[in-house]
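For reference, the structure is listed below as structure tokens.
Going by the order they are written in, the chains are A, B and C; count residues from 1 in each one.
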Amino acid sequence: MNTVADAAAQALSLVAAADPKLVDIVLLSLRVSLLAVVFGSIIGLPLGAALAVNDFRGKRGVIVILNALLGLPSVVVGLVVYLLLSRAGPLGSWGILFTPAAMVIAQTILITPTLAALSRQVVADGWGEYREQLRSLGETRWGAATTLLWDLKFSLVTIVLAGFGRAASEVGAVMIVGGNIDGVTRVMTTTIALETSKGDLPLALALGIILLSIVLAVNAGAYVVKETAQHRYG
Amino acid sequence: MVVARRMFLGLLFALAVTGVEAQERFITVASTTSTEQSGLFGHLLPIFEKEAGIKVRVVALGTGQALDLARRGDADVVFVHAKAAEEKFLAEGEGVKRFPVMCNDFVLIGPKSDPAKVAGGKDITEALKKIQAAQAPFVSRGDKSGTHMAELDLWKVSGVDLEKAKGAWYRDTGQGMGPALNTAASMNAYVLADRATWLAFKNRGDLAIVVEGDKRLYNQYGVMLVNPAKHPSVKKDLGQVFIDWVVSPQGQKAIADYKIGGGQLFFPNAGQPDA
Amino acid sequence: MTIEADMRAPLSLLPLRLDGVVFEAGGHRIIDGISMTIARGPRTVVLGPNGAGKSVLLRLCHGLLAPTAGTVRWFTPEVPGGPRRQAMVFQRPMMLRRTALGNVTYALRLAGIDRRTREARAMEALAKVGLDKQANRAARVMSGGEQQRLALARVWALSPEILFLDEPTASLDPGATHEIESIILALHQAGTKIVMVTHNLGQAHRVADEILFLHQGRLVERAPAGQFLKRPASPEAARFLEGELPW
């Protein structure tokens, strides 16, 4: 437990000193994961909503698969994206392996199923509640999906943040497609892995505490937003 | 709602803009965990980058992985330490030419309790035989790295048939040098490590150097340009600048200047063509 | 029932004709062959014991369910994708997480009313049900009675030809119930055909011009309200009114 206390103290002093390298690493982590969340939401939320309001053969199968992808291992995603972006791979000519762009792509792929599966659930519940009334008013399926997404936006905030948490805390994908290159693709999680492997456990733990604090702060903010909205709009 | 939309677009813009890096000149070097984790690159590369105006992006893997990366064309230069594997790489036509750069040595690390009674010895083969006889816990990197290949060679030279002798005492972890040391520290096991990583390693537990100085523990590093004929995307001009610098007197001096706790870690020897 | 052929407005939805409509679900036959015509004019109330199929019948008419057999035909069918000329109010008012005004303008947007007219028309409808002062209140925090009134304001703004109501006051107290009934009568006065399901005989007394009595998925009796409620012709209806059958 001494290590944890030491690490917490070290975390505070790191933050206070605001070492430029550390700042860069934190900013890169946020940039990569936030972009992944934005792209993942643009794809995943409408996808989830569309799944919720449409009926088609094999729908249940799709839902099962989607829910299973919630547990997609990040290393697997990293490996697949690496093989795609490698010079020897189909998209090698893009030349974006070992850059933040590759990391954003990998994380987007990782969290889009999460965003789609969870938004599908939320929208499906809403559809169950509103379905008859919306159809009665002449709403189309697509219009209903959009209306529900907007109506449920505060619940969706929670979902989007779950996606952010998953992206910000994963190491398997960014390590492989980013290469953990100093100053270029080194993010918080890969730095923690590196310091751990160098045996500098207190530093690794300190960085871990910083990472957790960021994710916690973001989630706390979301919680407040959601509760206020619930209270006001019912 | 208009305010929210504006903020959102502003955020997107900010994110995009901060992502635009100046189109800089850079090369990708596939190297090993020992050069990265010992801190050598942290010392060496800024000197080169200032000199040549070329940024070096190091992807640190094990030797085997680094060479495989290069075979896929994902690196411009490889900088590893397993001569046999490097020569195979050249024979495959994947590399242009191998230049020796520097050497360091391996050391046998073990617990202070020394169950195999090898501490202080000067003969690595004797030590390994004793460890196998005592079935003392031994951690292997198992990851096709230069260190792993050297370890396997040493077992062979010691006359131990690993396949037959392997048992619960031989822990094949498939990890880099740092993690392997971590594992050895927590298991109080023996492990073969390169001196540089060991000197930079902080989580030693009860471990210490038990055998060193044997000529067979000598560890040579070589640098090669990935063959642009096979991989047109290789930055052959920039890569060659790096290689030329590393074997030049300046580069060699920079390597010699890197010390931890006053001790030199890597010994430049580009002048020895047979290295 | 007389058909007022020449009095009918051109392109009217009504009369609605059901022919041999059957509805089955989960192995049960809920509607067992109903044929009838619903014409303009009288306020129609559908009565019957629990499980008689009243709600299902309403949904078949409104188009929320498709019959297993038989046909449901409007005189002039609605244009698919066009503004709806029927409306329905449910037992639970389903309001979006918006203001009262927002919920009504939403419905108007779906009806294709352009943005400039929407708000004015919505405010007018809110005024008709006495909610104009609450236009900017969040709809879902309003009381059950207020929300149901809002649902009717939504209907009013749309001016449909026919309004289906599925036990609209079942969850409301007598005061709110009375308000809702007044609005329904006003809507009818303004020209909307009313078809309402209720299990409340008092409400049937107050609102109905004619009664459709359903029993086990069949239309057992149809008569003007006064006549039905005093002297029903069928034994099932008689039992229902005497309270032997569950309401």
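Some observations on this one:
The working rule: contacts are C-beta pairs under 8 Å (C-beta built on N, C-alpha and C of every residue); 3 or more make two chains touch, one makes a residue touch a chain.
Since this is a predicted model, take the numbers as computed values, not measurements.
Among the remaining chains, the Cα-based centre furthest from that of chain B is the centre of C.
Ranked by how close its mean Cα position lies to the mean of all protein Cα atoms, the top chain is A.
Centre-to-centre, using mean CA coordinates, chain A is 46 Å away from chain C. With each centre defined as the average position of its C-alpha atoms, the distance from chain A to chain B rounds to 33 Å.
Distance between chain B and chain C, defined via averaged C-alpha coordinates, is recorded as 78 Å. By the touch criterion given at the top, residues 27, 31, 34-35, 38, 86-89, 92, 95, 97-98, 100-101, 179-182, 184, 194, 196-201 of chain A touch chain B in their complex. Of all residues in chain B, only 11-12, 15, 18-19, 28, 33, 37, 41-42, 57-60, 71-74, 175-179, 181-182, 185, 200-204, 231, 233 touch chain A in the complex they form.
Interface residues of chain A, counted against chain C in their complex, comprise 129-130, 132-140, 143, 147, 151-152, 232-234.
Against chain A, in their complex, chain C makes its touches with residues 59, 62, 64, 81-84, 86-88, 90, 94, 96-98, 106-107, 110-111, 138-141, 154.
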